[in-house]
Amino acid sequence: MLKNEIINKLRKIVGSENVLNSKITMTTYAYDSSPFLGKPGAVVFPTTTEMIVEIIKLANKYNIPVTPRGAGTCLCGGAVGVEDAIIISLAKFNRILEINAVNRTALVEPGVVNKELQLAAEPYGLMYAPDPASQNVSTIGGNIAENAGGIRGVKYGCTKEHVLGLEVVLPSGEVITTGGLNSQVDPEIDLTYIFCGAEGTLGLVTKALLSLTPINSDTKTMTAVFATLEDAGACVSEIIAKGVIPTTMEILDNTVIKAVEDYAKLGLPKDAAALILLEVDGFPAETKAMVENIIQAFKNNNSINYKIAKDEKERQDLWKARRAVNGALGKLKPSNVVHDIVVPRDRLAVMLKKVAKIAEKYDIIIGQVAHAGDGNLHPTLYYDHRIPKEADVIEEACDEIIKETINEGGTISGEHGIGLEKLKYMPLAFSQPSLDYMKKIKESFDPENRTNPGILLP
Amino acid sequence: MNKNVILEVLMKCNRCGLCQEVCPTYRVSGNEFAVARGRNRLIRMAIEGQLEFDKEPEIEQFINECLLCKACETNCPSGVPTPELISQVREYYTSTKGLPIAKKIMYRGVFSHNKRIDLVRRLAKVYQKTGIKTLVRMTGVNNIFNKADDMLPDLPKNSVRGQLPMLLKNIHQPKYKVAYFLGCSVNNFFSSIGVATIKVLQKNSCQIIVPDVNCCGAPHNSAGDQREFKRLAIKNLKELAKLDPDAIIVDCSTCGSILKEYVGLFENEPEYQKLAKQIAEKVKDISSFLIEIGFKKEMGEIKARVTYHDPCHGVRFLNVQEAPREILKSIPGIELIEMNEADMCCGGAGSYSIFYPKLSRQILSRKINNFKKTGASILATSCPACTMQLSFGMKLHELTSPVKHPVELLAEAYDNKAK
Amino acid sequence: MEKNKLIEIFKTALKEEMLETNVEHNIDLLGSEYKPDLVIYPQSVDDLIKAVRLANEHKIPLYPIGSSSKFKSAVAPFTGGVLISTKRLNKIIEYRPDNMSIEVEAGMKINELQEALAKDNIFYPVEDRFTNATIGGQVAANSYGRKKYMYKSARFYVMGLEFVSPQGELVRVGGRTVKNVSGYDVSQLLTGSWGVLGIITKVTLRVRPIPQKRTQLEYITEDFSKVTEVIDSILKEQISLASLTFRKTDKKYLLQLELEGFVESLELQVNNLKDKYGFKDGSKSQIEVNNYSEAIISLPLDTYCQGLKEIEALKDSQGLIYQGNITNGLVELNSQLLNQELVNKITSVVNDLQGTLVYQGQRLTKKERGTGYIKVLKNLKSVVDPHHILIPQSLVLKE
């Protein structure tokens, strides 16, 4: 618990109604969407950059760690903070400041919910391309901190590819502006991108200048059912090899299909080994050509049947079901671990098979959903945390999954981040000199190690 | 409260956070303790023994601040029945601590007794129409009830029950025989809805019986007063069992939902549960019933842009969503436009607006702002509790748009034809 | 330090054939204001590491170069020190067409890279005006080409890097995957860092299928108001726009529009543009703006036409505007026609429009990034390069 003196000073900065520090309220800020828990000292809700500067300066003066928090839907424990940290919630710092249709940009405060930005951009025929499954609740600030991907990531890329500039409060309390609209005509180092994916450890984003993308006139959403994961994986590879860049391409395995169908009731085939859900967008002539190529790939890879969504409602239903995967799987067993591995796309089918084998080997349930288009798999392992043996087995299975990923030339986190969850895998993924270089970056931004400490670097 | 059962259910929540999107208390406050996953976490920690229900007043507060609107459960990928969990905790508090005095007076003191509600209405009417109101306001006594007097609509002179002799007609060769469950709110506060319901049903060849029921028990249930809830339920079931109608019509979504919930209430009492099931099967929301029987379409015009607010009990408990809209669309001259977040709670939640005014008004403002954006001149809804809250909202925002039940508009359209 | 002493030091770890003192002969794009003592041509990454370690030990300034096409824009003239060239580090390390990725050594020339990819109908979308430009240089400078509007800049294609830290450690970050958020995005920090944070040795690039078709259209008019009208309108069209450029000769404006994408879509778009605006098939060679020319303005799209109007309206501005890449927001001026007064006026105009003006290598417009910006950069530089040997005269760390 933080001293009353500190709490009072925080109240002066943001107003008493924007400071929480009772035992019960702290309990509800001790979690995010990961299995990790923190023990906040206080939660504050600033609504201006100046307030955040004051909070940081106060934290510096009294040597208190700070942790930024958006919607608290982080999957790797990045938002829970260390004991007695000041949790700086950006939930109320949430205005969309400007949408510029000529520049195709949006200037937003970090607490803006991703979906809100989508809705605001729509009347201009624009969209904010990164759409993580949590988009209805997760915030731009959080998306930037984790370089969130999205279901549209295959074609449109992930968050960092849509960030043009930032306003950041550094751990020193100084405010900097990075990036901008103009093409570079004199040499300068752009610090915008080191903050993307920095998981809130190098400073707090207080404004983001984002790039918006024109919404394409024609969209076609398709599903195809397969009898084996390998067939589905091979189909994905073929689609890419044909030069088709779908907007999104997802693979769901049987465990996931069943769980999602229970929630969404869309008539998804509960006995299918794998389902591909994909979407293409573009000008009508382009989508027609792409659909033809895709259907060819379905046929070449033994798809049992395939469908094209006939109207917008059917399309929305499919995507709602897809976004519900993480939650829907929660009911299988009391606890679960979601992994976020990426392998080169030409190794996707192999990796799906390897994970299935690991499930067999350890006799556990693993549901697999993959952003197949960019080789990003989310194997989810289920267990009952009350049974100590189960937790151990899960740990071993996870280790094996990570090892295999690295063997396949992949990476340990595609979009969820390292946080607390994958700290122990960092030395497997990076050599000591590489980790040292990263430590030097952290050191130069945050020499006192107060900004969201304890995560990302072991 | 079966702790083990609750715990098993609670563990389905993996804190994905999707409840944040639809929970009204979260949308207006931005606080984790005002959303399903936060409330679930508190319940879980209390059941697991890390916190104590009885020693932490904030737990009770946050549990009570839930509207029980079910938006979270409907949107939850794991289907965690948070409102059910919350109800069980409230039941625990009520059975161990008893109801707070204000709720005791209101629920057990007044709502449980038809005659008393009638008396209160008549007194309140006097209060509204005379200088007593000013006097009371000067003394500040009304502050106990958080200025609830402000929220009262203009009370009608007579209850619906009082007008029944004049309203009910003998239908020549009726096509249907229906029982009309006349709920407290319609009876006492929004008699025009009741009058319209009777008119419309009779116009559509229904012979109506209005049984002598008492409060359905909704407020008692939401406060966790299970004992009183059961008592009222049994009385209603016995009364309704005397009849054999084709349908039991409700024009209040809340009453309709609660009547159906009697089935679960008597889980361990097979005699009453059997009765409850029979009754539940016959309960029909007026809009659904009218669509089913193919209501008469000969009507005059109402020229207006109308938007519909889905009562929580309508859209998420009775699964009524299309029927009221179809009725509105069938009226010539009405332009039906959808408002944003049409199915989000209005913040009324029965007496929630009295006991949690700040949150209630924030949620109400959000609703009224959504209404304003449609440019509609009439706000339609199928629950008198919503009607009360929304009318209050119009007052607060200095709007004159009326709040009407679809059946009222239908009755008006029928009248317009006659003109 | 004397040249001979330098050679002695490096000979302890490197073969003599890698060391070259006749600098002018080898590095023709550097001007005479740059007077390094030595050029080293490592034949492997190991050699490069050894060189860096020796430089650290003896505090010898090091300057990594590829084709040196961008060197002058980012480094102030100096005397003494060692150039370290990636010329012989130019192999393909791993090519995975099914993954649309390729890993190459930093010294590989862009045009050689394109040749290697073309066989599979794949390309690397960031063009370079200099035929000998290397991928390492492009990445270090975060280059962008004429078609930035469609293809953005180098950093959007960098999936991973291997580089040698200023202290001589080999760092590998990123990888072959298009999504990666394990640890800090060091690849993105090194990209566009102009060599001061490490010497890039390998780059893993994400590449794309070659577009089916490219079309160039043109529009000529003497009516300036028509020009701005067309520009405003084109930017609102839903077309596969790769670039929109213009050149002004005497009173005539030549607008060039480039489309790239699917054959069928382009056909429809071309017909529309011809009908609606009067565009014709392109007949002239492609206008190419020099991003680092002597007098160049960079504006946001929404104030671009305003900028053109205001400059045209200035007194003595006849013939001042030479050409521009509209979709990149660039306006290139005829620097011979500039005098101090005009420069001041234009600086004011560009400042008001939130643009950048660079004249004779100096940025004249203000850019408020906050005092913390250069501070944290210098901090970072001190931590990763404690002996300050890597490009000490870098212009990117100037206040």
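We call the chains A, B and C, going by the order they appear; numbering starts again at 1 in every chain.
Rule of thumb we're sticking to: a contact is a pair of C-beta atoms (placed from the backbone, for glycine too) under 8 Å apart; a residue touches a chain by one contact, two chains touch by 3 or more.
Quantities reported herein were computed from a predicted structural model and do not represent experimental measurements.
Summarising the inter-chain layout, the chain whose CA centre lies farthest from the centre of chain B is C. Located most centrally within the structure is A, per distance between chain CA means and the overall CA mean.
The greater number of contacting C-beta pairs, out of the two interfaces A-C and A-B, is seen for A-C. Chain centres here are Cα means. That of chain B falls 65 Å from that of chain C. One simple way to say how far apart two chains are is to compare their mean CA positions; for chain A and chain C this gives 31 Å. Note on chain placement: the centre of chain A and the centre of chain B lie 39 Å apart, centres being C-alpha means.
Multi-chain contact residues, meaning those touching two or more other chains, do not occur anywhere in chain B. Listed in rising order, the residues of chain B touching chain A in the complex are 11-18, 20-21, 30-33, 38, 41-42, 45, 51, 56, 58-59, 62, 76-80. The residues of chain A lying in touch with chain C in their complex are 100, 102-103, 125, 146-147, 149, 153, 157-158, 160-161, 170, 172, 174-178, 181-191, 193-194, 196-198, 202, 214, 217, 237, 240-241, 243, 245, 282-283, 285-286, 289, 342-346, 371, 374-376, 409-418, 422, 426, 429-431, 433-438, 440-445, 456-457.
Residues of chain C that touch chain A in their complex: 73-74, 96-101, 121, 141-142, 144, 148, 152, 155-156, 165, 169-173, 175-186, 188-189, 191-194, 196, 198, 208-209, 235, 238, 240, 261-262, 264-265, 268, 291-292, 296-302, 328-330, 354-356, 358, 361, 363, 368-373, 375-377, 379-380, 382-384, 395-396. Within the complex formed with chain B, the chain A residues making contact are 20, 22-25, 27-29, 31-33, 45, 71-73, 89, 91-92, 115, 134, 136-138, 260, 262-263, 324-331, 334-336.
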